[in-house]
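The letters A, B, C and D name the chains in turn, as written, and every chain counts its residues from 1.
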Amino acid sequence: MKIRVYYEDTDTGGVVYHSNYLNFCERARSDAFFKKDMTPVLQNGHFVARKLEADYVTSAKLGDILDITTELTQMKAASFILCQTIYRDNKKIFSLSITLAYITFEGKPQKIDVDTNDLILSLFDV
Amino acid sequence: MKIRVYYEDTDTGGVVYHSNYLNFCERARSDAFFKKDMTPVLQNGHFVARKLEADYVTSAKLGDILDITTELTQMKAASFILCQTIYRDNKKIFSLSITLAYITFEGKPQKIDVDTNDLILSLFDV
Amino acid sequence: MKIRVYYEDTDTGGVVYHSNYLNFCERARSDAFFKKDMTPVLQNGHFVARKLEADYVTSAKLGDILDITTELTQMKAASFILCQTIYRDNKKIFSLSITLAYITFEGKPQKIDVDTNDLILSLFDV
Amino acid sequence: MKIRVYYEDTDTGGVVYHSNYLNFCERARSDAFFKKDMTPVLQNGHFVARKLEADYVTSAKLGDILDITTELTQMKAASFILCQTIYRDNKKIFSLSITLAYITFEGKPQKIDVDTNDLILSLFDV
């Protein structure tokens, strides 16, 4: 997935505001659904960020074109972990490890059912 | 209502990103509810921006403290108009006229019922 | 220009947050530069929003693909006016008229020089 | 520091968008400067996020009032680590450990000079 950096993504420091890299990664996660003509809004629950670790290597600037890769690194009973990396000109500028937990619409953690498990496996590269 | 300008509000041009002044005004509208221990989420429908006119006088910068005033300028059958002004050090830097239309949860325009009309009148200065 | 609606663009009302349509329009303005391998950051000054009028017709939702058109409607000595329209499935959902004023790096209004005038004319459809 | 959750902070999932908790924490860091009538824009360089770890415990919703605490957990030669926690009604809903690296205006890592070191120590609780 390619993302262009616009004014809204930057701050007065002249570079992309630190939390917006997380937004870019979220777009890539949603795009995995959109590419299959699906929506990230599921029937039996939804996934929320439970934990994340981010490494900032270099800053992106207005006009930059960024590439994002997303890899499924672990599938658990009630969550899964993705490793997402942002590149500019093939150089890594940011990486994220994010744990997404499956919860009910009331916000309770729940086990990932078989269909949802298969869906996740089909959406992301291992 | 006072608002501090943070990094997230600015862009690489060194000033507040143009659409964020609208966010500041929205905070002031919601605050009218919060100050009365109410929520802007209503029972019978909700208000959405239908039309707005904005004038940008001077730019705000990181660290600025802004004051926002909100005035009800017109009450209509299915909408109302607010005039909101942002000041820095008592000088106007931005003004907004916004028409908020009342719609059903299905998104259809609807007349403002008496209770909601009274609520709006009680929330905003005329 | 096509824009996909992501989670970050929406709010708890279930639709795109009202000021984000302005962001989408800004992306389209910057894209006019990027498409010509140029940057919207100019040599002798920059353009800032001076005035805008926005009409909201229908709300966009998560996953929507939006089209944005941009048209130059007026060229003035120190500013120009663009009319931008956002469509979903060929139906207009939002329109914006925005006056962009040319200012010096110190923030003073200035006349648009001939080169910049020609640039603007070359970037946007009339 | 107290923060109110507004529409702009939420997404269509009905809760605060995951990266906005980082924005809230950034506001608290900048506020440490503002409270002393200082600006986070320094003379000899600036601090950028180098690494962060975030834990999401519970979601915040529109209208929530959040408290943020900030604690300096480690001072290094060229960076420092803050632990920031967001509470709602005295219950922890989010925590962040963020490493802020000192860089030159050209973006190179640099040692934290004595004055800047003292400043950091004076701004944040240990």
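A few points about this structure:
We take it that a residue touches a chain if its C-beta (ideal position, glycine included) is under 8 Å from a C-beta of that chain, and two chains touch if they have at least 3 such contacts.
No experiment lies behind these values; they were computed from the predicted model shown.
Listed options A-B, B-D or B-C contain a single repeat of the A-D interface, assigned here to B-C, on the basis that more than half of the contact pairs agree by residue number.
Chain pair with the larger contact count among C-D and A-C is A-C, by C-beta pairs in contact.
Centroids of subunit B and subunit C (each the mean of its C-alpha atoms) stand 22 Å apart.
Measuring from the averaged C-alpha position of subunit A to that of subunit C gives a distance of 28 Å.
In whole angstrom, the spacing between the mean C-alpha positions of subunit C and subunit D is 32.
Multi-chain contact residues of subunit B (touching two or more other chains) are listed as 7-8, 13, 15, 19, 23, 26, 62. If you check the complex, the residues on subunit A that touch subunit C are 4, 6-8, 23, 26-27, 30-31, 34, 39-41, 62-63. Of all residues in subunit B, those touching subunit C in their complex are 13, 15, 18-20, 22-23, 26, 46, 48-56, 58-59, 107.
Touching subunit C in their complex are the following residues of subunit D: 7-8, 10-15, 17, 19, 61-62.
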